[in-house]
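For reference, the structure I am asking about is given below.
Lettered A, B, C and D in written order, each chain numbered from 1.
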Amino acid sequence: MKKLINVAIVGASGYTGLELIKILLQHPHFKITYLATTEGNTTSSKLHPSLFGIFDLPVQKIDFKQIAKSSEIVFLALPHKTAMQTVQELMKFEHLKIIDLSADYRLSLNRYKNSYGEHLDSENLKQAIYGLPELFREKIKNAKLIANPGCYPTASILGVSPFLKFLNENEEIIIDAKSGVSGAGKKCESNTHYVTINENMFAYNPLKHRHEPEIEEKLEIFGNQFHKVHFVPHLVPVTRGMLSSIYIKINNLLTDPLEYLREFYKNEPFIRIRENPPTMKDVAGTNFCDIFARQSGNLLYIETAIDNLMRGASSQAVVNANLISNFDESIAIPKISIVP
Amino acid sequence: MKKLINVAIVGASGYTGLELIKILLQHPHFKITYLATTEGNTTSSKLHPSLFGIFDLPVQKIDFKQIAKSSEIVFLALPHKTAMQTVQELMKFEHLKIIDLSADYRLSLNRYKNSYGEHLDSENLKQAIYGLPELFREKIKNAKLIANPGCYPTASILGVSPFLKFLNENEEIIIDAKSGVSGAGKKCESNTHYVTINENMFAYNPLKHRHEPEIEEKLEIFGNQFHKVHFVPHLVPVTRGMLSSIYIKINNLLTDPLEYLREFYKNEPFIRIRENPPTMKDVAGTNFCDIFARQSGNLLYIETAIDNLMRGASSQAVVNANLISNFDESIAIPKISIVP
Amino acid sequence: MKKLINVAIVGASGYTGLELIKILLQHPHFKITYLATTEGNTTSSKLHPSLFGIFDLPVQKIDFKQIAKSSEIVFLALPHKTAMQTVQELMKFEHLKIIDLSADYRLSLNRYKNSYGEHLDSENLKQAIYGLPELFREKIKNAKLIANPGCYPTASILGVSPFLKFLNENEEIIIDAKSGVSGAGKKCESNTHYVTINENMFAYNPLKHRHEPEIEEKLEIFGNQFHKVHFVPHLVPVTRGMLSSIYIKINNLLTDPLEYLREFYKNEPFIRIRENPPTMKDVAGTNFCDIFARQSGNLLYIETAIDNLMRGASSQAVVNANLISNFDESIAIPKISIVP
Amino acid sequence: MKKLINVAIVGASGYTGLELIKILLQHPHFKITYLATTEGNTTSSKLHPSLFGIFDLPVQKIDFKQIAKSSEIVFLALPHKTAMQTVQELMKFEHLKIIDLSADYRLSLNRYKNSYGEHLDSENLKQAIYGLPELFREKIKNAKLIANPGCYPTASILGVSPFLKFLNENEEIIIDAKSGVSGAGKKCESNTHYVTINENMFAYNPLKHRHEPEIEEKLEIFGNQFHKVHFVPHLVPVTRGMLSSIYIKINNLLTDPLEYLREFYKNEPFIRIRENPPTMKDVAGTNFCDIFARQSGNLLYIETAIDNLMRGASSQAVVNANLISNFDESIAIPKISIVP
């Protein structure tokens, strides 16, 4: 029988924190022993009334020693900048493994500076592993610090990477992405006000979004070749869900892009190749990335769908936790969507 | 170790059929061995693309002998009238236990005739047990045929029944209910067209809905006293969810209606008494019925929330299956909501 | 030819401020000459990007003298408390007529104190006229200060008042109301966050909402008899719209409640008696109040629908402006809904 | 004083039929004298309950002679194929001008055959004018038969056409479009069921949609050069609205694409150049096409927003009716959006 591993969630008040709790509660080998937020002094069911009667752990003010004492794996669901301050401290405890859901350890130093400003923990940055299992599974298994990927990069990279080898040197990648509102976080702002986004849709930060360099960097590492990415995200009136519509020019005429994808991803438990363009809802609540592709002349169109809070954050984080614990990566990872 | 019980789902194409599949796939002691629809000749993942890669059983045209051969428990998710024709045949097989999600066995013969017309199986109707565990748990355990309650009656009865003893003889019960669109079924009709119900809300069949007599009859059985129920349902632009706002006049001044409810339901695993009016979403995807009550003068206001497809149909059906199998009724029954 | 009347909108940044602008822009006899907010220093199209290219007036910081100089009618769309401070000053200018959309002048002094706290302008409170044309049309015509009704009271009073004469002395009135999210205002708060209210619905402040005494008081004035009102509002995932479901006990058996309503409201341009329960959307964008009623035994059920921002605020305010200007009250008042 | 022109709407039961009615009711020089549907025998307010009390004209079964007798301009809002049978007959009446909202007269004969099959009225097809005022205004003024553009082509062509001259000969155009559900029509089908599309989004007919050749053909006519268009439409959970995200490669570095657009469209009353990506809602209920553009390297990204039922159908049709009547094209054309 497998041992029970104690885990902590730091940043338990947000949407990804709640999703982590929900998944981990169903996990046979992980036990949540510590919850913290910046303010502490509450309980899990006060933060998240849907947990009332199910899970009612005290929520502490962040305390590094307490974290180290109570857990072996730490999930960090904190804003960037705040995250790196915490990681820096936690990395000092040898027995801890850290899965950071923020942007702080996803980029190389220079790209981070360009997109987010100064980095305060460049030492640990060097050893952080980008937690996208399909691309970096073996490295993840031995990591001490995992940078859990952003939602847009996850949806985009999983769609583009199989086709990288067909791209000419100078070809650029166009990504028209669509995200549900939960991706913008729990904080109330003009764009997350119901009246703003209901019956509405719009692009934001087109060609200037911070996830653009994250996609470029990871594709370059995977494919050994830089390609410029043009990234236009849209906000959509759904709570959870993400589509990534990818347009690339290739010279080859693929006999059947779907068959090619099936072969490419044949051993992957969380990739599904679909006969029709994937829908947001078919993957909602799961760790699946559903993929479709079609070619017309030189244009290859790829569409991927993920749940931004799950595959784009929390369930992917637990897959990573499974991997660093030498568990089967599928253990307790949701596969059944919330349809209808 | 418990034996594995084979179960069939007849009427697998609708929303409640899908919810049954999703719950039963997670059940350690039930195994889905047979799926059928009126037309057959398909598979579970063609009917429900979200199941692609997860569950891909053939779906048959309904065949009584095959059902009997392949299963011990049958879930029927068929339209009323069609249901009773099937039940009548299946009841002939001694080893079968039947959980019917239609309206056909919920009412006494006379009430059925008034609301739905002729009944073709009055014999079996007599022995059907109304599958609301909080009221009829012991009878359910020994039933061969269970009439799974309607969603509106479930939400309403669980709110009213604790307070029945405070009602004067002639008092009437007012119920203003609100239902998500999935309650209207998968068939496309004017009222389920996105453009009709999005950004909209309206009452339908006020004071004339078929669930009115179902509520009246079950409350009378439970409380040994008839009370007229005035029932006004509303259609709400959400996919799943149901609120039942109940208004009754009582003479007693309750010290604390919430405390009273906590005591009344103290041993119930699927009732939560809330400090604030319950929300649809906190119970979405679960079998919970959340309840709130407040008194002002002689008026007692009670608000309940359920997921119309789960507690109002499929998860309650699996609870009933657990009970007739002498399992713990909570096994595999979802408690974690889909919030956010 | 009618003269052109200059009007000011003070509090132009919110939803009701925008609705006022949109209606007044179409009005042949009113001309918006002054816009103000607490902070000023902007323009109408910066506050409301949908007005870009259509209406681009500077928006001032509130200045009483400027208001008085530039206009004859002032619409106030300010929060309560702030409103009364402004009204008090504006009332000193003899030529000004004021239509206040806040709660500050809707209640008698005592009721105001109980619900909102101290009142700073009890002098002007005495002469304020409640701006519900169907009940107080003649008084409105001669008013200097109009207290524009709340959305819930408008929807409720128009449904109950025709039937007041059938109520026994001690009968109480039950109102189960449903409001779109815009009623909660433009300020971002937990309840107006998209993720909170999307796919959700819940009651708030049940039996304790501030509009309860407003309904009670106006019904008492109209019917010369006090009746306790039990009021339970619900928040619904639509941007605009309101239903008021009213339950009262009457002794009379009405031959046909709809025919009775048609007669009662026969000369009213903004009341429609419907053959079926009214829908939120059929009145969205208009000043209509649609009404349905049905009796079952002694219970009379009435359902009304209004647009909370229009009949519940801005279009009713412009009707009142028409009345105090001796114009036909229907001039420029929207009657065509935004369906689909 | 201008004369009053009698107009007929044939196909009055759908969403575009209703929008036509709503606009024409506000028009000072057009008078609706005839309404028809395939089945007839009803009234406008029975078809569209929101019109109750406002507009209650009888609705006839289609009768060519009656149409000719009662009107000078005919709006046809019929399905394709049905439309051409009607147009063919109506064209025989010399005094009639026809505005056809179907696809039947939008394409050259060959393209029509490829996309829709046989054409039964190739004679009249030759003289039909494509009713996009910004491109073909002068021809529209003298037309007898106007082919009102599709919603996707309108949104796409208005975004691309200003930049055509910067495209190299072989450059292809990528369009990622998003449409509200009303674009799919009033007929209830699986994709328009509330439960299917609520909380969901997906591409459909990618690279194979019938509007692709319509866009290609009109751009070729306007720019004297064929460019392949790759068109991927998505269905979005809003009732009305459309975004068209356009990606093209150009060699020139534009100093300021927005300034260029402002100059290009400087005399256009229904084009707005926005500083930020346009939102669906800012144009909802209006005839505006809002446009934004940004360049990054050689990639030019253009985003346009229209209301699919208005600029994409009915309000554009009335603009065309204004033009063929020698009226100011802006008369009675909605400019004020339904925000909030």
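By our rule, contacts are C-beta pairs under 8 Å (C-beta built on N, C-alpha and C of every residue); 3 or more make two chains touch, one makes a residue touch a chain.
Just so we're clear, the structure is a prediction, and the values are computed from it rather than from any experiment.
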> More C-beta pairs touching across which pair, A-C or B-C?
Replying inline: B-C
>> Need the most distant chain from chain D, centre defined as the mean of C-alpha atoms.
In response: B
>> Please tell me the distance, in whole Å, between the geometric centres of chain A and chain B computed from their C-alpha atoms.
In response: 37
> In whole angstrom, how far does the Cα centroid of chain A sit from the Cα centroid of chain C?
Replying inline: 46
> How big is the gap, in whole Å, between where the Cα atoms of chain B centre and where those of chain C centre?
Replying inline: 40
>> Can you list every residue of chain D that touches 2 or more other chains, as numbers and ranges?
In response: 15, 182, 195, 198-199, 237-240, 279, 281, 340
>> Residue numbers of chain A touching chain D in their complex, please.
In response: 172, 174, 176, 178, 195, 199-204, 206-207, 228, 230, 232, 234, 236-241, 243, 245, 247, 277-281, 284, 292, 294, 296-299, 301, 303, 305, 340
>> Quick check: in the complex, which residue numbers of chain D touch chain C?
In response: 15, 18-19, 22, 25-26, 48-54, 182, 198-199, 239-240, 272, 274, 279, 281-283, 285, 288, 309, 335-340
> Okay, in this complex, where on chain B does chain D touch?
Replying inline: 15, 181-182, 186, 188-190, 192-199, 237-239
